[in-house]
Amino acid sequence: MDRKMRMGMVGGGQGAFIGGIHRIAAALDGEIELVCGAFSSDPAKSKASGAALYLPPERVYDSFEEMILKEKQLPLGERMDFISIVTPNHVHFPPAKMALENGFHVVCDKPLAFNMIEAKELQALVKKTGLLFALTHNYTGYPMVKEARAIVRSGQLGKIRKVIVEYPQGWLTTHVDNKQAAWRTDPMRSGIAGCMGDIGTHAENLAEYITGLKISELCADLTIFVEGRQLDDDGNVLLHFEGGAKGILHASQICVGDENNLNIRIYGETGGLEWKQEEPNTLVMKHLGKPKEILRTGVGNLSEQTRAHIRVPPPGHPEGYLEAFASIYRNFARTLRSVLKGETPNPIYLDFPTVEDGVRGMAFIETVVAANQSPQKWYQFKNV
Amino acid sequence: MDRKMRMGMVGGGQGAFIGGIHRIAAALDGEIELVCGAFSSDPAKSKASGAALYLPPERVYDSFEEMILKEKQLPLGERMDFISIVTPNHVHFPPAKMALENGFHVVCDKPLAFNMIEAKELQALVKKTGLLFALTHNYTGYPMVKEARAIVRSGQLGKIRKVIVEYPQGWLTTHVDNKQAAWRTDPMRSGIAGCMGDIGTHAENLAEYITGLKISELCADLTIFVEGRQLDDDGNVLLHFEGGAKGILHASQICVGDENNLNIRIYGETGGLEWKQEEPNTLVMKHLGKPKEILRTGVGNLSEQTRAHIRVPPPGHPEGYLEAFASIYRNFARTLRSVLKGETPNPIYLDFPTVEDGVRGMAFIETVVAANQSPQKWYQFKNV
Amino acid sequence: MDRKMRMGMVGGGQGAFIGGIHRIAAALDGEIELVCGAFSSDPAKSKASGAALYLPPERVYDSFEEMILKEKQLPLGERMDFISIVTPNHVHFPPAKMALENGFHVVCDKPLAFNMIEAKELQALVKKTGLLFALTHNYTGYPMVKEARAIVRSGQLGKIRKVIVEYPQGWLTTHVDNKQAAWRTDPMRSGIAGCMGDIGTHAENLAEYITGLKISELCADLTIFVEGRQLDDDGNVLLHFEGGAKGILHASQICVGDENNLNIRIYGETGGLEWKQEEPNTLVMKHLGKPKEILRTGVGNLSEQTRAHIRVPPPGHPEGYLEAFASIYRNFARTLRSVLKGETPNPIYLDFPTVEDGVRGMAFIETVVAANQSPQKWYQFKNV
Amino acid sequence: MDRKMRMGMVGGGQGAFIGGIHRIAAALDGEIELVCGAFSSDPAKSKASGAALYLPPERVYDSFEEMILKEKQLPLGERMDFISIVTPNHVHFPPAKMALENGFHVVCDKPLAFNMIEAKELQALVKKTGLLFALTHNYTGYPMVKEARAIVRSGQLGKIRKVIVEYPQGWLTTHVDNKQAAWRTDPMRSGIAGCMGDIGTHAENLAEYITGLKISELCADLTIFVEGRQLDDDGNVLLHFEGGAKGILHASQICVGDENNLNIRIYGETGGLEWKQEEPNTLVMKHLGKPKEILRTGVGNLSEQTRAHIRVPPPGHPEGYLEAFASIYRNFARTLRSVLKGETPNPIYLDFPTVEDGVRGMAFIETVVAANQSPQKWYQFKNV
């Protein structure tokens, strides 16, 4: 009989932000059940977190190491199928590596790792083990992002000429004294980039996902605006894509009053697209010499791939961030179920970010930081 | 130990729309688990539906009667705590009544019943049994609807003068030949009203919920635009509220090209509010002689009640229809857990539509239909 | 040789609002020159106003009577061709009548007159004299209103089913102590209606202009919200149109925080339209089962009539209220020039509101006031 | 006695676009009259154009040289006060120079000249003659641009950190075969830049006007996307401002489906602003941790400078491109009148772009073209 996929979680204890999001995302479609967790490096906090999630005490662990080892000893019909890693950046690699080495599939928050060395090691491990690995670049989970990708692929825009991708936030306009801000602005936990790693990578991933184009070289101007901060809180980047398209990517966490305004505009020879994360159910399609069309989830002839990512088919019932996030989990779970049953995964559900996207994101971080330091205008994209 | 609340579902088999929505809404927060169901009046279909939901075959029933009776025989630690009724209107009353009579709490889709007689009987039963009863007028679950209500209550708008509530949809612009349309346009399954029962009641509920005002009399002009249809597919209503406020309510299913455009505008002596379901995370606040303010989930000083209904606290992470729906389930589940533990429910979570709202909605339907037939301008609101 | 048309103005002295608007509207296209005026009932104020407009002192008169009589004595090549009446409602009729009786064409602000008796007399005079008469229902001068009308006429929407026309303003939310408010809320100067006469007539005119449908009966609920005010400051009206379309018209001057939000939505059997005066260069076109299109001035295939009312053809150069107003003057001037030259007017420019629209507007005022007082739901539209 | 200022026009004959715009802008406020013109280098076309504008034949000239010489011979009470130059870029300098040398004030379309040498010569001539010179960077004429500037100056935003100014258009997405496109894409008539000269300069001017900051260095990536075109049709530019602010400027004429989407976002330490030319009556003000405010012409406490640029004071009566353009003419005319009367100009009306802005714009063009060719990331702004 088919069953729900079993998830163990690393991180996401009480007071954390992203862990709760992952749990909702995993629960939403009724295809995954949370069976165990190591929710904090503080065992007491881990226990309390597990209890609040209605987990039996024996499945709440003091550390991810303990979880991986003990779960491995449980019978197949009971133990977790995969782990979900929702810790700060510097604690992505250790549990991911150990899980893969012990036969567990992995869902990991982005960016993939603390640096490229770790990233490459995970990439090699995934290849070697053949296990599934999903990276939660959640913004590509939105239905209208799928539709944008489908439209580009269909050729309706003609050859892509220009891409403008923006990600302004305002929450770090001043020095912020909370847990979320603390690790994101700390080079020991976040890595070599601040804003560019935290949200610039989402922008890069979104642009490449929709257009199917790869950035070939870039020119970067990163800034630390808030005094005392150690990592960039703002960055402006010019892009060259393979094939000749030009672009701009800018991301910021000091754009006072902006919320989470990831958005993208794509211009081709015969048409254009515009999508904004804060109004995610709308995709504007632009034509040469004809009125714009407002594409909406639930309206008209959307691609099969788009429709597979809409949960409320009648138009005008807004879906949001959690549903986009959930689509990554659902697609991962459905693919995993196929794999466990020895079936060929449905290509519709093979659509989630992988370790390859993670390596690409790490390369973006390393390139943009190096480019910023270079006096030369153009810097080759480093995809080691 | 705390545990998830256990839900049994009536209706919502494969091919249905709203059942899947209820399941997502119940699952989303990890506080409810689906343990059994009678998903269809067709036993084979019920079985198939249950299997697809990973339910054990013995908890998938052929009828709601069987479900209620057999679940009642299960030990307390195992049997369902409440039923969720997601059938067409004419099958709300029978399972609701039977559940209440057998000690099960109830969540029921709206409108409450097929007619006022049934509604009053359920109202009496809830009173008599002391069981919890939630009606899924889901649109009041949105955080910014909570905020609108809080702002009205705070007195910031002054005395309310005018309310405009709209609910135009376009999906029944022509004759539609599917399951959703079939029962909604059939007097034997939908009741005496079409559009007014299906969506007009949401508009009425939203207006009264936010303003705290009751409609005292109304003037109605209902129309059947599509030839051969038996129930209203459009209605324009003038409203008088207790205390002197005036209003307009219009709902339609023939507003071609409109999606699910429930929206409300409220004007008081010193300020106004505007909210649109299709952009639910925004609430426009209007002032006398000062710029409008754009209130947003996650930004600034929102009321405690509003914040308790936001799942993604950082601004700009859109939440939607499913989350609003889920808030009713979550609030119901948390209240139920308190009740089962013998504790006083948290007032924050006592915020869900009840059987009283359901009776009010039925009264609206009966009043608006009678008013439409009357040659007199004003017709008293019948709240039997 | 062709020449500019010569205008004499009645009213619009210093401190007035609408007079300056009319002057800009008349000047904008370079086809009309202001040659004389009686700008105020206070001769000193009239003189000062004329001097500020660079008029020679001998063409600035103490009263409209003096202006009409003295201008009539000037040679044909010098005297004014038409008068523009920009006084409060109760001073529309006297100068209009006298101008027509003395052979001058007329442009008059709306509403046409103080009451229906005056309106009918003007209608008869226009018919008798054969002179041109334009009423400045300026909102029909917008290009996208022309486009909406053209689309309805083309049959693209199918038969019209529903019309929602709104005109909420907020400027009379409290007692306002200025010249504009004073006469508009005074029955001696404004007539039997306040809000309904001032802006309700614009809504009525817009709806009938675009749809080509006539209101056949209506149901009205007018209110005076601000204590001490003598005329309605708010009104909600249900409409029946000839041919079966239904509608809602509401207008208000107590919608706090609203600006000048005239807007209209039209729904037919196969398509719909939406236009908002505050974003006048956009017209939303709705389709059955297909994405909305955003029609814009300057984009794509607009009707000839629309294009004739766009002054800045490249898209994205917003035109506004003054240009729409100017189109009435320009069309009037071009038609007048044809008439003066004995040529057949170009049908493109025959598109301005006439005395017939004015009578229709007066009938709307009288009907809506009577309907408000009636206990019956429906009241026949009185077009005496 | 006060009088209208007298304008002679160079260029703008039948078939031209911008000439008609200038004429409307000059006529709108009733402070300028067109008294003569040399509308085309083709004398017959000039005559026909003048006749259509109701000018007497003797004031319609065959060339700007003839116009300047003959007008100079007319008596002071009759001859033109200033010339308005609305020709393509390469014909700005000759009439401007000759006018200045013959004692006529000048209004000139932008960019100031064909190259920096001409620009500097004009700058010197203006200084030497003491005549007035206005450059029609019309977008700074909008009321809410004035308000943005006033807000920045007031310090409400704190120190400016980031400026994003965009100007995407789509009209040159493909090869376009009309008069407007022809000269703009021809290096012999347009100068060394295409898109950057035509619209990039507007973006530069807008950013510096509002913020009061000067660009100190920049990094440019210009592209010719349409095959066979000789000048840039797209450009992406990173900016450094004096004082440490960072920025992005991008302009394009191949952004298919975009209209005339000049817009700017400014972020300071404590607040931000956002303005879009296509919705010019709105200015979004952003705050740290508080709701956005929607500033609108006519609402609340706008600066005196802003109010002086609003013609329709009640809110919600949209003003547009022509009014913004007209404000330059009106301000120029009022300043000129003061000068002619020997009075000190009112500082309110001294607010129009001058020859200095024109030199700055030429420097921007030269800098951005040179920066594009440089392999170095940063290129000093050349303000010779």
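By letter and in written order, the chains are A, B, C and D; residue numbering begins at 1 in each of them.
Going forward, contacts are C-beta pairs under 8 Å (C-beta built on N, C-alpha and C of every residue); 3 or more make two chains touch, one makes a residue touch a chain.
Every value quoted in this text rests on a predicted model; they were computed, and no experiment measured them.
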item: Result of counting contacting C-beta pairs for B-D and A-B, higher pair; value: A-B
item: Interface copy of A-D among A-C, C-D or B-C, judged by whether over half of the contact pairs recur; value: B-C
item: Euclidean distance of C-alpha centroids - chain A vs chain B, Å; value: 34
item: Inter-centroid spacing, chain C versus chain B (mean Cα positions, whole Å); value: 44
item: Separation of chain B from chain D, taking each centre as the mean of its C-alpha atoms, in whole Å; value: 55
item: Shared-contact residues (touching 2 or more other chains) in chain A; value: 258, 285, 292, 296, 299
item: Sites on chain C touched by chain D in the complex; value: 1-4, 17, 20-21, 23-24, 27-30, 34, 51-54, 169, 171, 258-261, 277-280, 296, 298-299, 311-323
item: Residues of chain C defined as touching chain A within the complex; value: 285, 289-296, 299-300
item: Contact set on chain A toward chain D in their complex; value: 161-162, 164, 170, 173-174, 219, 221, 223, 225, 234, 236, 238, 240, 246-248, 250, 252, 254-258, 265, 267-272, 285-288, 292, 374-378
